[in-house]
């Protein structure tokens, strides 16, 4: 089977993941709904994941994919805890608008 | 043929990601994100990482997104009562987006000119579930176990955090 | 016997004083102070006989830090100053009512320990630790037992603490840089570090900030007068008598030999600063109303001259500086004690509220006069030896330094005599002034004898310090 | 043996001083006797040493121990008793003994009687160190030491703040000179790597090193400044008249006979240095001449008996400096000695008068005292005649020699010196006439109190008067014993060539005598024939007032130096100190302010943090990948 990456070109994957990542960044800056921001974080994580997979294929090495594995696990844990926190916040102040979370004032 | 497939998938990925960000309604965002994740899984399969693609669908589209949707519904956020940010914020967000995008792209492009890319073709099997499993349980057994503990802890933590503090309320 | 025993004596003294309780605290402290003094004498005798009393052992292997104590003549001379003045200072406060006296005297002993350690340390980090350790007791002594209301003195004392501490941090940075270059904090290794001119320049500056504030060199002196004023007299004596000398000693021991090239380059600037300090301190002293502030500014002038001597980088200037350090230590402790004696009788430190004391207390007046003339460097007193050496060293560099620095002769006489006239002379004061009691006579008598004896026969001390200084000068060349 | 002589010489007065200071109260009147004996012993020792040195022609030398060591040389506690120092010691201890004796009566009843003698003995001790030191720094000990004693004795009655001011002024002005001295020491040390008189002399005599001449000049100038301070020359003379605040015997001993001549001594001691600095010598001569004239003109109108004598001292010292400036060291020394005799006599005589008058010093309140105090009057008259240049008294010879030397070198300075001499004759006889002649102008109470002083006071007067008469014999014109005696010490002397007493010399003597007569007659006409009495202070006008107020020099110094220093001191204290302190606090304030501003950025707005975060990442990326 021919190497897919050779046909498409690793650079295309890099560009794709960069743009995806930037969309994630943009979302985080653009939105103020905490859950949507979470989603954006997932997008960013996924862009990194995809690059890992692409390079794993590029180098014909499985280790990159192992890391994707771990990333997913960490992401899952993160989402679980993060959402729990959000729920608590919502329960306390009735909103998950991050502009209202100003208790971190110095 | 594969290239076309790649471009189609990429378009779906980027488009749905953008719609995730831009949708007013969080539920729509979530749904668009699911689309994005599915397309990413498509990329994985395109890259011959079928196992990873499946895991991705299960974890992200299955577990994580369901979790999020549930949360949204729990909070009754289906209507878009999010106050949109002021114009200046949006502008700055766009500027930041362009800036970081251009920066990263230019870095990569500069790099691309100088590197002579060598595509490795060993022909060996390196990404089947069989191989991955062996690596995970040999070389990476320690982190693997750690991840298990992490997930357990995350679960306990999530339960603990979201639990209503009865004693405090009672007092 | 080696120097660790001396240090341990002082440390144990501090602990024992604390444990002993309020009543006997002063006596216990005095006892340990005297023991330490005797030990110092023994050490000096040993040193003169040719035995090395130094001590060295690894402390931490990585980073490479040693407990290294170097007991050469220079260090021993300054140790002698510390251990000689400590009992005197402790004894001078006998009979004063001091709250929680065990803590107080314990802090005094601890400070003596830290300062002795600073003088003896031959490892950069150990030295730095001692250096900072000595700051803590004086901070508490001044803060808790000082004059004026707590809020007022807190401001002054905190300024002093932060100021000196901030300066020392630069020194620490300097040491860390040196360590990264040489892989050792040992004095000898640092001496042998071959630094380039620019590196030396920065290290020199880092050290200079620490020392200039401690000494203090004009214009880093602003903590001095207010701290002296607010601290209790015991604290002021410790500060002016010994602690200032830490800075001056360090200049000679650490700064100059480690960074000789930079020192040579910067020398004129620092000499000018020091000499400005001499003139400036003298002039400001003229118009001081509080006797402690007055002595503080006179100290500024004297210390400026000492710093100038140290920075001449010549054997004569440095020798003069060391001798003058010791002389100034004795004299200024005596003068502050004189101020304290007046305060005990009149409950004032304002020079304007004194006057006409000589008539009532001739003994006191005589000793005050001896101290005063010692302070202005009359030949035959110890101060003259140092002053002469310093001015001679300065004159060998550029005569004008000696001329301007020499104005201390004139200004010193001017402000001192003016103060003496206002405080002591004139019509008999209406308020009674009891002449010296036995304790006070002993203290002042001892100081006066030391000052005059060493003024006539300074050779033992000069011989003690000369070989070390010759070695240091050899690093400069 | 030599060391023992030196130790004996030094330690006896020191011991006397310590005993008197520590046990003075217990000794009572005994302290005066002890002190006098101590000086007497020193005098005897000096005489013995003098006889020995005069016989063997080799100086007595001794080093006690090493004192200060610097890199290139060391300074020992060494003493040198050669012809010059022995000569000086002779009259220091000799006159010292007499004045101690005088003081035992004069100070009787003072509450600090013991301390007074302690200080006086201490002074003798330091004076011996000054004179006998074998190197410059030992001399400097004495130099500062006598200044200290002068301070202590001027301010002896320390209840009076004016006296204390005078003492302080004396010490500080001396210190200005001392700085000059020290600078001179440094230059000499730099040039010769030694401070030993002998070593420097040898180095200079053998040396062919001509490029050091400028430095030699500087050293000479610096040392001359030291001498100016101690010997009260322009511009540092104002302390000496004020120093009259001390007890009169002190004025006689310290401020007339011994200490103030230390400047002459020092320059004579270092004559080999000054010989190489002709410019400095010229300066000395000019300064001396002008001081002589200046002080004499002030002396013309003073009404305080001691002030007149003080200005006369300054004037006479000026003449000595003039002689030194011409390189005629032995002439100056000669005048020092004769001056010591007659000026001590004058001061002691005035002390006797003041004693009799119960502390009154204003001549306008005196008059007609010759009837009450015969001995004082006669001795005073003799001394006055001597100082004014009455032919064949001691002052006539010494002053005449100075003027002769001046005539040889510089006619203008000769004229100035002569005018000063005429003025001297005038004000001295004015003093005598106002004090001793005509009727008594004081209160009745004072008149009843008038009495001749006791024998312990008149004896010194008589001895000194005799010395004033015959003191001139030691340097009889033409065959001077003094010149020969001092020959080993003085390298090159202007007066060394045996001047045959030619016509010129006789003519000058004649002129001097005429000058003396002019002064005498002027005073006689004014105060005896016309019986004038000086006006009260507030009636004095015109130039007379300027003179009476000493050309306002004190006021000028006050405005020019003292006041500005106080202003600067206040400025430093109130402005600079506050500013510096503010700068330090300012650093703290800046930190405080920064943190306040920084706190505002930490406003809890997560959106803002995120923006900052992203832009920070952008910067980092830019820096890491593009900028480098």
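In order of appearance the chains are A, B, C and D, and numbering begins at 1 in each one.
The criterion applied here is as follows: a contact is a pair of C-beta atoms (placed from the backbone, for glycine too) under 8 Å apart; a residue touches a chain by one contact, two chains touch by 3 or more.
Since this is a predicted model, take the numbers as computed values, not measurements.
Q: So which chain ends up in the middle if you average the CA atoms?
A: Ranked by how close its C-alpha centre lies to the overall one, first comes C.
Q: Using each chain's Cα centroid, which is most distant from the centroid of subunit C?
A: B
Q: Using mean C-alpha positions as chain centres, tell me how far subunit C is from subunit D in Å, no decimals.
A: 37
Q: In angstrom, rounded to a whole number, how far apart do the mean CA points of subunit A and subunit D lie?
A: Chain centroid spacing, subunit A to subunit D, equals 96 Å.
Q: Go ahead and note the Å separation of the Cα centroids belonging to subunit B and subunit C.
A: Centres of subunit B and subunit C (C-alpha means) sit 68 Å apart.
Q: From the C-alpha centre of subunit A to that of subunit C, how far is it in Å?
A: 64
Q: Where in subunit A do residues touch two or more other chains at once?
A: Only 25, 29, 32 qualify.
Q: Give the residues of subunit B that touch two or more other chains, as numbers and ranges in rising order.
A: Those would be 85, 89, 92-93, 96, 100, 104.
Q: Residues of subunit C that touch two or more other chains: which are they?
A: Subunit C, residues with two or more chain partners: not present.
Q: Quick one: which chain pairs are touching?
A: Those chain pairs satisfying the definition are A-B, A-D, B-D, C-D.
Q: Write out the stretch or stretches of subunit A touching subunit D in their complex.
A: 25, 28-29, 32, 98-99, 101-106
Q: In the complex formed with subunit D, which residues of subunit B make contact?
A: 85, 89, 92-93, 96, 99-100, 103-104, 106-107, 110
Q: Where on subunit D does subunit B make contact in their complex?
A: Subunit D reaches subunit B through residues 607, 611, 614-615, 617-618, 621-622, 625-626.
Q: Could you pull out which subunit A residues touch subunit B in their complex?
A: 1, 3-8, 10-12, 14-16, 18-27, 29-33, 35-36, 38-40, 42-43, 46, 49-50, 53-54, 56-63, 65-66, 68-70, 72-81, 83-88, 90-91, 96-97
Q: Applying the document's contact rule, which stretches of subunit D touch subunit C when the two form their complex?
A: Spelled out, the residues of subunit D in touch with subunit C are 21, 65-71, 77, 112, 115, 137, 140-141, 143-145, 148, 151, 155, 158-159, 161, 164-165, 167-168, 171-172, 175-176, 178-179, 182-183, 186-187, 189-190, 218, 565-566, 568-570, 572-573, 576-577, 580-581, 583-585, 588.
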